[in-house]
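Each in structure tokens, the structures are laid out below.
Below, chain A partners chain B and then partners chain C, in two separate complexes.
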Partner chain A sequence: MKKVSVSEQGLVEKAKRHAAAVGVAMKESVTPLTATVFYPRERKKMPDNFRGYLLFDPEKCINCWECAFICPANAIQMKKAPAPNNRFYPTVDYGKCIFCHFCIDSCSGGALRTTKIHDVAYREMGEMLTLTEEMIEPPEIIREDKKSVEYEIEKDDLHLKRTREVDGLFVEPTPPVEIPMVSQCVDRASCLGCRVCEEVCESGAISSSSAEGVLEAEGVLRMKIDIEKCTGCGLCVKECSMQILRLVRRGK
Partner chain B sequence: MQIQIQEAVNQIMSAVASNQVNVPLLQPILDLVAQIPMAGFLVSFVLWKPFFAALICPGLSTLGILLLVFPWVERKLCGRIQWRVGPHEIVWWLGGLPQIMADSVKFLFQEVIVHKDADRPYYLQFPFLSFIAALLPLLFISAGNIIAIETPYAIQLMLALICLFPLFILGLGWASNNRFSFIGTVREAFMSFAYEIPFIIAVLAMIVLYGTSNPLQMSSTGGLLEWGLFRNPVAAFTFFVAAAMATSRLPFEIAEAEQELAAGPHVEYSGISFGLIYVMCYEKAYILSGLMTILFLGGGSGPAISGLGDLSGAVWFLAKTVVVMTTLFALRTIYPRYRLDQGLKIGWGAMISLSLVALALSVVIVLVQGGIGGVEGVV
Partner chain C sequence: MAAVAAETTTGQSEWEVAVPEKPLKEKVYFENLKAQVIDTELCSRCLTCAAVCPALPEGITLTADDKVGFPDYEEKCLDCGACVRVCPRFEYEPKSGLGEYTDFIAGQSKRFKGQDGAMVTELIVSAIEMGLIDRGLFVGRDNRWATNIFHVRDPEQLAITTLGGTKYTFASVLPELKRAVLLTKSGVGVVGTPCIVSGVRKLQQEFPIFREKVKLVVGLFCTENFHHTEISDYLQKKGVDFSKLVKTDITMGKFIATMTNKTVKFKVKALEKILPSGCNVCTDFTAVEADASVGSVGSAAGFSTVAVRNENARRVVEFIKKRGYADFGEGKPEELAFLVGHKKKRAENIPGFQDQEDK
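== the complex of A and B ==
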């Protein structure tokens, strides 16, 4: 059996460490550091990627429902917008939300974005279900803070650094990174030649080979994908009845 | 008959008047009061040195104030060292002082519960008895030249009384009839044996060094380099650690061990009886710090404060004692608690060796300084 052993220190080293401990105690008793943030009067400076209150921009939403699918706490429900629009937008129940921000990570359009707001109060449980129209504008904020506080590690010690500035609560959303994709047929032999992909393609990137007058030996149509024209929208992948189309990264 | 009584009263009056605490600053007021028939006598009785010592300075009043204030001082000090500075919101400018009142009121008005398994008479007696026993050593502590009972055996008597404390803790732990208090009691017994022997030897070393055990003569050796701390630092260190063990506060809070034994010997206590036990460790700390001041820090010696007369020594004594007490309390923020076996190892190992070294050092110093005559003076 292995035993955990403590490294043996000499008497001098021990005495030094005791002296250091006593020295710290004496220093702290005269000029104590403190980790207390006087919250309403000052705020802790939050990082830009702080997981706080969610804001929503309907212009950027592509109705993919990805946020509702991925939400592990089931806090996001999609609600149908009124008549002329007829699209589905997310609503967030902050009674359930665990602030994992998977929804923001999964949002391909960048419609959901984070803020540094972490102190929202509700009068009753029902109000915590935040409707889409309430998510567009930030909630009413009463700022009492005059200073912002940061923790800094100096010489292995935590320090509070106070600065006379009011930290902004809103973060510029980072634009979603578009990964260029392209449609690719992975199993050409299984193609039925149904031409569904050709019909569905909006950019006209898919053409049946017959259009160029070439039929294969078995008399079956084979599709051809023009990589330059393909936008990587994935409609053909969705519609392909044999499920032999895949989206792959462009350039691979 | 009446003449006899008159003579006796006069004798007492003259005895009282001859041994007064002399405070030049208060003299005009005292002269005024002396003209009032009964008040003059009462004031001169209060200022009679033995009575003043027992009742006011190092005695009951000082102790009472320290007991009231020191839990607060300890909290604030530990809070500062451990980055828990407060209060910040509610009457922050009082620094949490109202808590003292709240504590006192709580202790006074809480119900004293005697559970049915307890040994009722002992359970109720021991907290009060222990408090009284902890008061007795105060009679032999000298603040400057103010002392209640002047005897050449003062230090020995104090030692004997200090070694009486654990007995009462054992008693109240036993009377509680609770498994936690039993374990705490046994631990207390273990620890008291572990610290008492080095403690006594360290004090013995100082008695050998001074050649006297009269606190008045010990503290009259003025000058910073004449302090016991610089003449025999080993004894001072041993005494300090033994005092930390004796107060059973955090680095050696083995008997009470909050995390393991709830509160050790006094789990079952509540109300004023708990208050007395709670306060007793502060009382112990005061007495041990006072003893440390007398033995190692020159007692009430220090530059005389003009206008205070006899009280000057008392002020110096109190200041030094408070510093020692504060240091004792600050230990809890610096060191974690030792286990029982570690505590015993420290007591029976390092501490006894250190105390013997201190004793040897004292003997050597006495031999070098005073030749054979010096030793004869001790004997």
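== the complex of A and C ==
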């Protein structure tokens, strides 16, 4: 076993170190250096990617449930919105949320976003279950802070930098990465010719030669997907009963 | 970026669908089907048309009287013609006889209990074990003996003892086959009466997904089948208690309903009144288009007769032999002669048949 021992120091070295320590003590008694943030009169400035209170935009939600599936703390439950909407939207139980923000990362519609709010007060546990409608607008905010504070390391020491400005609590959400997709037929011979795809396409991207007389004259139905018009919404893929349409990445 | 370019070549944006001819030019396809097959009482109730009809959920279904129909076709039919393309009786070419076979054998499974020798169950389960298919469609039943379809993926599911055995009631095998084909990875096995087998072949002829995914088609010998309401009403009148019913069988011209406490027997002839019109024009006894056909006549009691027709079925039988899963013996094709002939005569009931003969 190895024993830790005090390093051998000469008398001169010892005296030097004592003097430095006394120097710091004297300096602190004249200009004290505290690391305390005087919340709520001042607030710490948070980075834009701070994982705080969640906000939700139902307009952007595609009701995919991904946030609820991915939440490792099981804090997200989907609740059905009243008719005629009938869609399912997330609710967040802050009694469970561990602020990992996997939900935000998983949201392909960009409906969930972060804020720098980290100090919400609740009267009781039940209130921590935040309903969808409570997530659209931020909670009531009472701000008493006049300054914002940042930690800075200067000359090997931690300093507080105070600025007479109030830090914004909201950040612009990063838009979700869109992968351009286009609908294509992967098994032409299995097509029924039912034109359900044409019917459901809201962009008019699918057309067929079903006009009066044409079918009878030609004996074949011609189907066409206009890849310029196709927005890659996937409706046709969902509705094709033979499941022969696929969304594929749009080529360059 | 090479990968992206490759992905876009996995599909096509232009294609053509050959549309079938319409005898009634002004009418939608369903009305053509109705005029040619359903109203003429040729419809076998195989439900091939319902398997592909895209006008979901209101499309081709069973109507209240247990027949094939499309109540709101004038409004809802998409006029695609898929039903007409696949209906085996739209341009009906009646098949009959023993059909082609490479082996004609008798078999009795050592693993399973069934109607006869449980060779149907054995063939499907062995095909799953060989990896030829990942699921087989079985016709099960509820406690009123109405049929329902099961996807068997593991031999252990055969613990549901109602999956083997004959139900003398039509079953929605083919609509379920469509679902199975979309779900399967390696392939599907399907069991059915000759009319169902013909439906499978039509689906395979028309649509590649069925060609690629249906890997084993087992046909059953069949003289007739019944609508559920009609047969259950009749059986109840005969004193059959469904809660105690364990087996139904037709042998030697007798319908035998075996219950836990007693047995009810009567002549099949008595069922002529409720013989479905589609069966009345059906000439195929042995399912000539199947990969293997299985029945009761042609082998000793307790054995199933198996006519092995195609290579895939032959390989499954080889596998069963190698594993020692079943006892085998000789099948006697000559014993089928009466029923084969009996069904061949039904061609006389096909409308237009007489006219053709007269000419």
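As a working rule, the second predicted complex is superposed on the first by the 156 of 252 C-alpha atoms of A that agree within 3 Å, B and C clash if a C-alpha of one lies under 4 Å from a C-alpha of the other, contacts with A are read in each partner's own complex, and residues count from 1 in each chain.
Heads up, the rule we're going with is that a residue touches a chain if its C-beta (ideal position, glycine included) is under 8 Å from a C-beta of that chain, and two chains touch if they have at least 3 such contacts.
Everything numeric in this text was worked out from a predicted model, so none of it was measured.
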If we overlay the two complexes on their shared chain A, which of chain B and chain C does A:N85 touch? Say first, second, both or neither. neither
Have a look at where A:Q9 lands relative to chain B and chain C in the superposition and call it first, second, both or neither. neither
Let me test your reading of the model: by the given contact rule, A:T174 touches which partner, first (chain B), second (chain C), both or neither? neither
Return first, second, both or neither, reflecting whether A:A25 touches chain B, chain C, both chains, or no partner chain. first
First (chain B), second (chain C), both or neither touched by A:T163: neither
Residue contacts on chain A - larger count, chain B or chain C: C
Touched partner set for A:T34, first chain B, second chain C, both or neither: first
Which stretch or stretches of chain B touch chain A in the complex? 77, 79-86, 88, 330, 333-335
Can you check the complex and tell me which residues of chain A touch chain C? 182-196, 215-216, 219-227, 241-246, 248-252
Counting only contacts in the complex, chain C reaches chain A at residues 1, 4-5, 7-8, 10-19, 25, 52, 54-56, 78, 80-82, 182, 207-209
As the complex stands, chain A meets chain B at residues 21-22, 25, 28-29, 32-36, 38
